[in-house]
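Alright, structures below, take your time with them.
Next come two complexes, and both contain chain A; in the first it sits with chain B, in the second with chain C.
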Partner chain A sequence: MAKHTVIPFGPQHPVLPEPLHLDLVLEDERVVEAIPQVGFIHRGLEKLVEKRDFQTFVNITERICGICSFGHSLGYSQTIENLMGVEVPPRAEVLRVIWHELSRVHSHLLWLGLLADAFGFENLFMQCWRLRERILDIFERTTGGRVILSACNVGGVNQDITNEDLRGIVHILEGLVDEYNELVNTFLTDSSVANRLRGVGYLSKDQARDFCTVGPFARASGIAEDIRSYGYGGYGLLSAFEPVVAEEGDGYARCKVRALEVLQSIQIIKELVEKIPDGELSVRVKGSPVAGSVAVSRLEQPRGECFYYAKGNGSKYLSRFRIRTPTAQNVAGMVHTLQGCDFADVPLNILTIDPCISCTER
Partner chain B sequence: MGSFRLTKMSLRNLGRKPATRPYPQQPARYTPRTKGHIVNNIELCILCSICQKRCPATALTVNKAQGTWTINPFSCVQCGTCVRVCPKKSLRMQPEYTAAAAQMHDCTLVKPEPALDGERSLGSERPQRSERLPGSERPQRKPRPERPSRIGC
Partner chain C sequence: MDPQVFFDSELEQLLLRVQDYQQRGWRFVNLCGSSVEGQVELLYSFAQGKQLENLRLLVSNEQSVPSLSAIFVNSFFFENETHDLFGVNFKGLAPNFGGRFYPTSVPTPMNPASAQAQARLQEVEALAQVPSPSSPEQQERQDG
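The block that comes next holds the complex of A and B.
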């Protein structure tokens, strides 16, 4: 039997975008076991819910993660609205979805760039991030922030986007699609990308289901599961929604799913801009959550399904708030894909699940 | 399958302007909604403390007895909640980012006294302080008026 070597990998490592630690047990150049460890950036944000009132806490949920910041504020607001039976105005619902889909576009462009960087295609990396800037500019123009938007509150949204600005956004996105299609063409038909990604980190459909994977990681293994297809919030206005699914289950399929989801999100924004109703932006939320009341909500974040739980105690502070993040779900599947892979493929393998450790640890 | 799919775009980019702006030679770009810093029109403020209660970063302190409104600009996270909840609309979000500072300091605004004339006690919001002469107990009326690098002052 070959000698086993343990290589500590992360939490700070040039190729790791996230503070995740792995003990890699190697047999020659092959990983036989990977033992993950998280807990380096735990901030206790869920506990803070006992110290900040439920309306103020939305600003804290936004700071859970810099990429899905809008998604977390939306998820939290939805949960509290369920808890208190608040009806959100339809225009606010649609504006939320537009910002959320823009977040998905910027998150996936960021990830595609990081992926290109990981396999050494610097030019592609720069082009992805160049396009992402335009989304951040839209955020800044519509909300005032590029990363932390502070646009969502319990009961609606804080800012309006005028119908004229919405058409302007669609115009920007149409310009972006032309250039983005060239990048998609590179990701999906360039042999250097395929050579590096095909067969890397294979996860079969059954394994993906057994490990309870979510989001693009699961969809790349053939599981057609996307919370958006249940039509929550503004998604109910869409005429049709089909999750983007690939069957191959490898890194290349994950790249394909995310690359095509960007186009799908842009399509969703275009359709909703056509259909956006006029009306109020926010309703006033009065009172406090009833003691013992419990509510949950689900949301499709860029990285997958995110689950929120809140419990009221009769005061303006919640007694419990909990988030189950997509990365927490996907780590088990990722560890499985690492077993048996080449040591050189480890960073690429970790990257293809798009881990977000800030969300996971909160 | 083939290679060099990106070549066309790369060649096109050779003739284009840079996508980034050369800061600081070219100034930063702001939008009207950019969240830069908070300013308070203290004349309108009624020191009701609603902003203090709703601030998620506990950056604001309102002292009604002393007539002061204080912001710690280094704690403020520019969420805009105070601007939204202020009943008098005395708070505003200005788009300019503020300069870095070597010292972290609070910034205190003092509410000016109502005019000392015969009608004061009728219209005064704080009759209990009607005996106070202007400036006698307060450090300054308008501290540090026009210092662009200070936030909220």
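The block that comes next holds the complex of A and C.
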């Protein structure tokens, strides 16, 4: 029997932007077991809901994570609106989707850059992050913030984007698509990329279903599930929505799904800019959630389905708020893909899941 | 808007109901604990496509809850989390981090009524009653 060695991996590692620790049990150069450990940045933000007004808590949800910040404010607002039966104005619904899809574009570009950096393609990394800057510029122009947007509130949105500015955003995105297609071409056809990603971290469709994986991780294994296809909020205005799916189930497929989702998000924004209705931006939410009232909500974050739960107690404070992030759901699948892989592939394998530990620990 | 479907369940029926979800092709979405008057309310969520259903049950601090990890592997993350933050004990949990999943400065911070939190409170109270040894400088000042 070969000798087993335990190698600690993380929480600080050049390829990991987030603090995740793994105890890797190796047999020669092959991983036979991976034991995950989180808890390095647990901040107890869910507990804070008991001491913050439910209307202002949206500002805290935005600060859960720097990448999914708009998504969390949107998920929280949606949940409270479900809890209190608030009807959001149609223009606000569409503006929310536009910011949310821009967030997805910037998150995927960030991830593609990190992936390129991880397999040593420095130039590709810089090109991805150069394009991402344009999305951050749009955020700054429309909300004043590049990371924390403070655009969403319970009942609607805080700012409008004029129709002229919306057309300007579409123009910027059209210019971005031309340059982005060249990068997609490199990611999907370059042999050096394929050599590092093909066959790495394979997860079959049945395994993806058994591990209840979500988001691009699941869609790369052939599971055609995307919460956006259920038409919540402004997504209901889309003429059609088909999730981006790949069948290979490996790192290359995850890269492909995310690369194509950027183009899909830009298409969504273009369609919604044409269809955006005029009208109010927000409705005033009066009163407090009824004692014992509960509500749930789901949202397709860049990393996958995010689940929110809120419970009222008759006061302006909630008695419970819960966020289940996509990474928490994908950890079991990620650990499975590590079993049997080469030690050298571990960093890249983890990166293809795009774990976000800030969101997961809250 | 997601459907707001909540069912109450008994602890004894939990595994049967979860197995039923699994056999019908539903997936496990979330486990959420809430502290309710000295007890813990557990909310299990399951989804299939657009459908979303939630099972709610109330457990006391002394009860052991059967783990879902043999049915839905990914539940281990949430059960370890609920154990560390609420003090709920899960039977058959694998992998079981034994309380070291989330290192917390106080036991079960989301459930102050748990047995672990109460034991810690008693320890702190007992320590507060022991007079602290004074430093040589303080002793000198008192004597002088």
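Note that in this section the second predicted complex is superposed on the first by the 362 of 362 C-alpha atoms of A that agree within 3 Å, B and C clash if a C-alpha of one lies under 4 Å from a C-alpha of the other, contacts with A are read in each partner's own complex, and residues count from 1 in each chain.
In this section, a residue touches a chain if its C-beta (ideal position, glycine included) is under 8 Å from a C-beta of that chain, and two chains touch if they have at least 3 such contacts.
This one's a predicted model, so the numbers in the text were calculated from it and none came from an experiment.
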Which of chain B and chain C A:109 touches, first, second, both or neither: neither
A:52 contacts which: chain B (first), chain C (second), both, neither? first
Output check: A:92 vs chain B and chain C. Expected answer is one of first, second, both, neither. What do you get? neither
Look at A:350 in the shared chain and tell me whether it touches chain B only, chain C only, both, or neither; answer first, second, both or neither. neither
Partner chain(s) touched by A:331 [first = chain B, second = chain C, both, neither]: second
Contacts for A:197 in the overlay, against chain B (first) and chain C (second): which applies, first, second, both or neither? neither
Over in the complex, which chain C residues touch chain A? Could you list them? 1-2, 4, 6, 27-30, 32, 34, 43, 45, 47, 49-50, 52, 54, 72-74, 76-78, 95, 97, 100-104, 109-110
Chain A - residues contacting chain C, complex: 35, 37-39, 42, 44, 46-47, 78, 82, 209-213, 225, 230, 232, 294-298, 305, 307, 309, 311, 319-320, 322, 324, 328-329, 331-333, 361
Contacts from chain A onto chain B in the complex sit at residues 52, 55-57, 59-60, 63, 123-124, 127, 130, 133, 140-145, 148, 150, 158-159, 179, 182-183, 185-186, 189-192, 194
Considering the complex alone, what residue numbers of chain B touch chain A? 1-6, 8-10, 19, 31, 33-35, 54-57, 77-81, 84, 93, 95
